[in-house]
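Each of the next two complexes has subunit A plus one other chain: subunit B in the first, subunit C in the second.
This part shows the complex of A and B:
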């Protein structure tokens, strides 16, 4: 139908945009300072060995041949081996990605749900004490510098109180113990997740609260709110059924894009909490000239951002019946 | 006993510049089954009056004085809880379709069903939907469109749906606020005929608010002309049209073209209405009035009884 045709059209667009990104990325890596060979080549190597390595990497070929290899490798799923780890890049990414998705998806969904709920309440009590407390609270937590908050959380709840582990995602004594079942392991991960999750939550829920609040205030001016009131509906029904669904639309966009950018945007959080995710890996690979890993991570981000945009658009069509493609 | 009796009703809005007297000392009665058309230019207080009858004045609006007697009970004294039971069940409203009166994210049929289920929570779902279908047939929308969203309707259909919604709970009084504005003339005519037909068939009482006196004349038996927050002339349609007394009513009638009559130059009314934060002490129309006397500017006008049910607020014309 219409929606399917729209999705197909968008997928074609996405493919074209992605191809452009792929090419730009290739050029960027050739232009970047630093020589991959110098990292690989050992001073003790003989010149013949060094030369063999260079030709193995294809770096002695003209640039357009390199480009064709690059495109071919992408489409055959061959991303090469990480210089640093010596393992296939795909393996490393598959290893790190779920950790990032777990932490950030949970934090974004949690902060969006709480933000929408509190934003609704703030708009309903506009100008009163409840509104002031919520709005100021949201502004303060949202503008706090994330690494600072993260360190404070670690210092207070990890170090002073000792309630939560300070680093990592798992405790070895739990995971290496053959006795511990799946439940104990999950509990262990959850325990490690509390600090990074609450840090991310505190930083992000304010944004959703503010978006929802202003969107609600706009929606409450609409004529259909007067209709709803004239029909004798209770204030709760007017707020939850007639205003909130319309007001929540801008939040959906924001959530979708946050999810997309969380793949890379979490670098700071992952570094402070030493969370073994993709963001930390990306920073590491760039600063250590691990070209294959960096290249693959960038491509992954591009794909996720492009697809997230499509998902947001389709979700919009589902939530707002006026939008049909 | 009249269905609706309004006595000395005054409504004010708190604004930054002071209290704005949007409606001042308005009195009229409406019998059960009767229809009253309220006419006047933008800002004359007709919509404020309509909203006050639903208890839907904005937060800065307040009834300063007077009574709204509906079935003998003063609505002004109602609590929010009582209002919620009166709204739609006793008094409902036909909104302008050009406005966003229907919620874009809910199906039209569901929005009508919601009005019924709110006031009759005991009614089973299936019966409610049957009632909605019956309302669709009544106002002439194909029943299979129940599951459509508002944006899938044409302007005329949306207006019909809004009328169906207003009828949903069998109200005694319907307030129609500019229900045909922004529709093209053919659809406008259909909708007016529809409203009139339904009014006769269901024995409804209607207050029809419009800036267009010719539209009001088509639907209503009585006409009330409002100017700058005051009711300035009130009477049966024929009396007001054939023997307009207040200079504003005369000017209003002269400013609309007629299809059948002689070709005349339309006469706009020069000037503009007074500031309602500090209205002049005398007649509010006297600055624009061709027949104003000396005392009009300083002396507050009093009601002149023209006929048994026809009165005008004017000192110069009695």
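This part shows the complex of A and C:
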């Protein structure tokens, strides 16, 4: 019950924050130098089509009416037409969203799990060679410049070794072949995902490892660990069953706090590997002055970040029974 | 935490004591050394164009070369696709990195510290408002925000980029400073100042600020790294200031001109520099963390 109330309260907060973002974006698009009409209406459109779109978006009305249209269009999913693709923006967005979610969630979960596991090992061997190797490795991979790492991965494993495809998400010959079943297709996507996923994984796991390590060292000093030792439990049980679950809580918090950072990284990774996701679409639309698409991608990314934050908070509340909001 | 740095003999004493602890940290020593090397690079960036105009990182083109060549005696790290010297670009990049990193970090720390102190000290509505604002900015991916802004306002120059980074990177600091201020507020010396009739402004900047500054300073090292990374990523995506040669820009050139498979001498140096400068400020930050946080120090002593 408590938890449900907490979730509802957070949802309301998220709705307010999102509404503010929506409004700020509207103001920015109107305040920026240049003609707002040219920003929403494709210059290659016929005058009749352009006129229809202008009245649909309310661009011929006073600014506060435009704002009402804008909010209404957002809630009815009408984001206008992409200049580049010549399709409704909403179609493009829905098409790209699953790809981003797939890459993003897999990389976060994988790096958090591995980070927690390796952090536990590092703390257990504190001051020894294992610890030093893991800690230094984490520091280095965590601070390496992501786009550069992506280029190196492409150069090394895609070009030199030729093990993995370096662009896109699917191979046409597999997907157009009527013979290939769902398994072959999934395998093909997985094959394309190896390099972008490893890039994101390498960048992220280090931070989680370092947090887990110091959190473990703190936890091992707690009274209940001494009690467990006094009971004569084995070190392995103390480490895995008593200390680790509690020590992992700060990792969950940091996943939440670093979400914005991860989104930046996701957009860069998608761009370098031409992974057809929202982040790449945002970068692409910004470079090609495709304003309707840029606006919608940005709003969608904001929603993803806010909801992911909520998921992390709820997960935290669920994992730590001491915390009841 | 910060307040517990013992005041031995004023500021100088505290500084010397901190330095004693800092010196013990291997991470801190490596980090500081690397930063000094990068600073030397930044200073040295003024030399090549003086030797010969063809070494100018932006406009200098070797009259005999019009494509990318490997390392040679004339160009120690080779040349880029137009025949510009990669080494002098690399040195100029160090200058840009320091400029961006330090100024953005300074501004965001200034904002974060002031806002954090004001929120913590004033409490009530002011606190709620400022912290909600911080929450909102905190969830925004800075890089993508700058991208959107540069699509709307056209090519941004380097100082505008610095300003935007600073405006979006203060919330983390302000939260820490706020909680520090909350605990300071209950201390007797603040009470005494208030009874003596000091204004809010004076209490905040005269009595609270000296106690939170060490913590702000620690956060500054982390902000330096994030500013450098954001600028580099922006330049890499093609939205950097076209008038500056940054490491991110160099990577963009090698990537966009299709040289990444054939010119490792060009692909490796800028990436290594961005990564190393990030690493060195990060190590510096962790070492300073140990100086400022006695809890960590004890842990190190115990082992």
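Following the convention adopted for this analysis, the second predicted complex is superposed on the first by the 289 of 325 C-alpha atoms of A that agree within 3 Å, B and C clash if a C-alpha of one lies under 4 Å from a C-alpha of the other, contacts with A are read in each partner's own complex, and residues count from 1 in each chain.
Methods note: a residue touches a chain if its C-beta (ideal position, glycine included) is under 8 Å from a C-beta of that chain, and two chains touch if they have at least 3 such contacts.
Source: prediction; values computed, not measured.
When both complexes are superposed on subunit A, subunit B and subunit C fit side by side without a clash. Contacts of A:17 after superposition: subunit C is touched, whereas subunit B is not reached. In the superposed pair of complexes, A:319 makes contact with subunit B only, with no contact to subunit C. With both structures placed on the common chain, the touch criterion links A:159 to subunit C but leaves subunit B unconnected.
Taking subunit A as the reference chain, the count of touched residues is higher for C when subunit B and subunit C are set side by side.
Using the contact criterion defined above for the overlaid structures, shared-chain residue A:242 touches subunit B, although it does not reach subunit C. Looking at the shared chain after the overlay, A:169 reaches neither subunit B nor subunit C. Once chain A of one complex is fitted onto chain A of the other, the partner contacts of A:32 are limited to subunit C, with no touch recorded for subunit B. By the document's definition of touching, of the two partners only subunit C reaches A:148; subunit B does not.
By the touch criterion stated above, A:222 is placed in contact with subunit B alone, subunit C being left untouched.
Measuring only between alpha carbons, the smallest separation of subunit B from subunit C in this overlay is 8 Å. On subunit A, the surface touched by subunit B in one complex and the surface touched by subunit C in the other have no residue in common. For subunit A in complex with subunit B, the touching residues are 222-224, 226-234, 237, 241-242, 245-246, 319-322. By the touch rule above, subunit A contacts subunit C in their complex via residues 17, 20-21, 25, 28-29, 32-33, 126-127, 139-140, 142-149, 151-152, 154-155, 159, 217, 257, 259-261, 263-264, 267-268, 271-272, 279, 282-283, 285-287, 289, 291, 294, 298, 301-302, 305-306, 309. If you check the complex, the residues on subunit C that touch subunit A are 135-136, 138-144, 147-154, 225, 229-230, 232-233, 236-239, 251, 254-255, 260-261, 264, 267, 270-271, 274-275, 278-279, 282-283, 299, 303. Of all residues in subunit B, only 54, 56, 83-89, 92-93, 95, 99-106, 114-115, 118-119, 149, 151, 165 touch subunit A in the complex they form.
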